[in-house]
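Labels for the chains are A, B, C and D, by order of writing; each one numbers its residues from 1.
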Amino acid sequence: MTSRTPSSVTALDVARIKADFPLLQRTIRDGKRLVYLDSGATSQKPSSVLDAERRFYEMHNAAVHRGAHQLGEEATDAYEGARETIARFIGAQSRDIVFTKNATEAINLVAYSLGNASFSDTVVGQSLSLQPGDRIVVTEMEHHANLIPWQELCRRTGAELAWLGVDDEGRLDLSTVDQIINDRTKVVAFTHQSNVLGTINPVAEIVARARAVRALVVLDACQSAPHMPLDVVELGVDFVTFSGHKMLGPTGIGVLWGRTEILAAMPPFLTGGSMIETVYMDHATYAEPPQRFEAGTPVAAQAVGLAAACDYLTAVGMDKVFDHEHALTSYALEGLASISGLRVIGPNNAVHRGGAVSFLVDDIHAHDVGQVLDDRGVEVRVGHHCAWPLMRRFGIAATTRASFYLYNDFSDVDALVESLDAAKSFFGVK
Amino acid sequence: MYQEIILDHYRNPVGRLILEPFDVEVHHVNPTCGDEITLRVKIDDGVVTAIGHQGQGCSISQAATSVMTELLEGRTVQQALDVEAGFLALMQSRGEGQPDEDLLEDAVAFSGVSKYPARVKCALLGWMAFKDAALQAVAQSVKDQS
Amino acid sequence: MTSRTPSSVTALDVARIKADFPLLQRTIRDGKRLVYLDSGATSQKPSSVLDAERRFYEMHNAAVHRGAHQLGEEATDAYEGARETIARFIGAQSRDIVFTKNATEAINLVAYSLGNASFSDTVVGQSLSLQPGDRIVVTEMEHHANLIPWQELCRRTGAELAWLGVDDEGRLDLSTVDQIINDRTKVVAFTHQSNVLGTINPVAEIVARARAVRALVVLDACQSAPHMPLDVVELGVDFVTFSGHKMLGPTGIGVLWGRTEILAAMPPFLTGGSMIETVYMDHATYAEPPQRFEAGTPVAAQAVGLAAACDYLTAVGMDKVFDHEHALTSYALEGLASISGLRVIGPNNAVHRGGAVSFLVDDIHAHDVGQVLDDRGVEVRVGHHCAWPLMRRFGIAATTRASFYLYNDFSDVDALVESLDAAKSFFGVK
Amino acid sequence: MYQEIILDHYRNPVGRLILEPFDVEVHHVNPTCGDEITLRVKIDDGVVTAIGHQGQGCSISQAATSVMTELLEGRTVQQALDVEAGFLALMQSRGEGQPDEDLLEDAVAFSGVSKYPARVKCALLGWMAFKDAALQAVAQSVKDQS
């Protein structure tokens, strides 16, 4: 097993990259080498990100957008500078970037704001509102974060939820897309890359159909923004959401990008300080985006940390990150194919596919697979991966998932494959 | 963690059947992993005469439910709940518990599981289902008598 | 001015405390001593908080509540351990503590959840819902964060907003409390301590009236939790909200405490991963609190940082913090009284009053006061302090506010008073 | 930052009056500090013949509005908007701008303000109000002619 040669050698100097990540230097389970294959859940952080956050607190911490004093100016500059960096990272303008605490809040923001549109004073605001009989379309492979907020919006507005199915290979079934995304469809929300299957969805095709019926398109980029170059203009969607913690950034920050004119029409979601224009006891008027959507003291240090993460990724090169993970994924799929009784849930080849690889091992429950791997220092995720309906689609309860990032190398994949062999021996499975 | 006794029960589970007749049926789910159990109990004159369970789960949850079935069948409901309380305490001990072997018998094999917080819920799935079912059965019999 | 002796000497060794705060070692505006008097906006952070966050990232970072591997367990322990520490800090049980990104989100959580109650499947859920004609009561001294969410909830439900006024001294006018908190009142939301006036409000009196009409009581403890010992049981309210960044903690974390049985009855607010029980394509059921209210990847490192902040404050002693600030406030009120043409907006003595001191200087706009102070290294806040209706109540546009914390000493107050004299000379005001 | 010229205009502001008659009135607010201005313009044949303003604000906002009034009265709307654009650019230069003295005259005194981002909005309050009013006046005259 260990003597297989990587199917391609990649341009990344992983040893050097790994050295930037303090946590990856530690050992696990009594001194074993740590093989971290759970970046799909959350990524580790390079020192430069931790340093940037700390520098903010030690040098420039003050209330952003509220202080007229020097510290306040410095804090505001740091925060707004971070917005510019993060905007650049996805080809956006900074005024279209809204900071939230995670991607989940970003998606809820859109759903609640559309729900609030029916109470809007303005005609443009009202035009975004949903009526009974309107439709919201998602897919069967969505993370709960991009499913339940829409279920709840349907419940509040009387709109109906419909969804695109998934085929046996783990691709979206687009054969009925024209029926499912019908004339009454107001929102199409789908994931760019599945966190379970690894599938990369055909954005352009879905956008074309959504445009034809004038539906808004929400793209959940949680699993793509960290792993491939993104350009919001090219994507052609209306909203993009992702989380900082999955892309080398801190916990506690998410990003919503929205089209200028749509953000401008949307009513607020969270309300409070810093998102207002004028306030009276009985009513208030609201600031322009992005401030309108950032109520309260912002996630300032986290924005600074995420900007440092974007700088790190940009310095490495997102195309190289993608190529590297692509190579790891191909190599992993080959390795897994060599294990009898192992079935990959999701595409079996690396075409239009990212580095989240889910699988079942015959006669060993995912929890038990995960346990044996963990005992050997190989950290994977087991369970439904917050995509329970997708599990039902495949008639299963749980999978084991390995997911890769720029700091993984071929030896990590070897460790995975070896440990799976060990798990099989342990449970006496052939 | 994987004691021989656990693997034995996992391979040859006790009470993995659709119990008929029964007094109470419950369905429990572990939301973090999606594992499920449907458990039925038969209780006669305050004694747990039979437990049957079906569902899907890992070796720990399957074995824990099997050990439980073996251990609790034939006891009074009160005794069974005492054992359950002892097992729960052991599982929450984070590897520090001194298990009462007289009370828990084969279930002491799960001591090691308590060191893995994420697996504690697995070990408890069947036990919590049983507790729920037993309490429902008691409530039902009180109602029937009144 | 500088020769005045402090009216009382306090038990805090401020020099030692100050040494724990890296930012307070820096200078400002070309080498001037930094006199940070803006802790009411946000506090500075001791090294122990920054270290705790960093240690989490460097040693234990992983997905909380999702990973079955060792790192995941460690991260979950760190997060849930932080919840226990923070619960203890306010005399609460950890299951009643919900983490948000700031106090603003915490208040919005309550308001939106009550709004969602009318769509609830359960009888207890429904019982929390608001009807047209129901009333929500706030006060005229609320921060926008504890005003606008209620305005918007009224707009969505048809409930009406009423408020308790403020007298000339900056105290709540409770003469009409029985009329204002009437039988139709469902929610009473008020601030424990005003961020502008410094006034500490009589919680017990308001709670008694709210209880008489069975209204829920929401206490905005943003300005009290950092500055005095709090015990949620003694307070007797239903919800308490505060922000980490104002109490030595990181940005990006807020806290909602709620009564067990009320949290249990409340429908979710943000929806997504980690807050579910089961999920189908067309509906979902939800976990028990606090998980029900923590959708998505949590603010894990921030919780760890806030717990370290609570540990720091507990080690100093919250009663000592309160006494120290009380002494600073008395001293500041004396000093300000010595300046002719200066008018304090808020109580003129330190009785039932915290360390936020707002004032006007005749013929000098607050912005100009703040500018001169900033040029001398004295960092205060100017403006409406996110309490615009309160400004209108006093017929003013803005105040200058100095606010104190445990790391301030009497010399900081002296610097304030001296700089105000300088501002008057600069603008030629007698 | 506080140039003598600024303090002079602050103490003796130009155009601080309720203009009557007028063509357009606007009301602007600075949401971060609550400062307000009500500004009226009179425009005849494309020339800004008079500006009047009322409201409350700090020395910077008062002085900037006063300097603006002195500078723009008597110019064509187009010229006035050019000056406004020059002033805006100066204010956004973060202390790095090379102000065009011919264009901005006394308004160059505000160069120093551009180093204080929080005060830039103060300096711009009156100017933005004027721009808004002037554009409304133009739109109105186009409408009247059609």
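Here is the rule we use: a contact is a pair of C-beta atoms (placed from the backbone, for glycine too) under 8 Å apart; a residue touches a chain by one contact, two chains touch by 3 or more.
These figures come from a predicted structure and were not determined experimentally.
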Between C-D and A-D, which chain pair is linked by the larger number of C-beta contacts?
C-D
Taking each chain's mean CA coordinate, subunit A and subunit B are separated, in whole Å, by 38
Using CA atom averages as chain centres, what separation in Å is found between subunit A and subunit D?
46
With chain centres defined as C-alpha means, what is the inter-centre distance between subunit B and subunit D in Å?
78
Find every residue in subunit C that makes contact with two or more other chains and list them.
66-69, 72, 276, 278, 367, 371, 382-383, 388
Spell out, as numbers or ranges, the residues of subunit D touching 2 or more other chains.
32-33, 116, 119
Pairwise chain contacts under the document criterion:
A-B, A-C, A-D, B-C, C-D
Within the complex, subunit C is touched by subunit B residues 29, 31-33, 116-119
What residues of subunit C sit close enough to touch subunit B in their complex?
65-69, 72-73, 76-77, 276-278, 287
Across the complex, what residues on subunit A touch subunit C?
22-23, 26, 28-29, 34, 36, 38, 41-42, 44-45, 50, 53-54, 57-63, 66-72, 100-105, 107-108, 112, 116, 119, 140, 143-149, 151-152, 155-156, 161, 163, 243, 245, 250-254, 268, 270-274, 276, 278-284, 295-302, 367, 370-371, 373-374, 379-383, 386, 388-389, 392
Contact footprint of subunit B on subunit A as seen in their complex:
365-368, 371, 375, 382-384, 388, 391, 397-398, 426-427
Which stretch or stretches of subunit D touch subunit C in the complex?
1-2, 7, 32-36, 56-61, 116, 119, 122
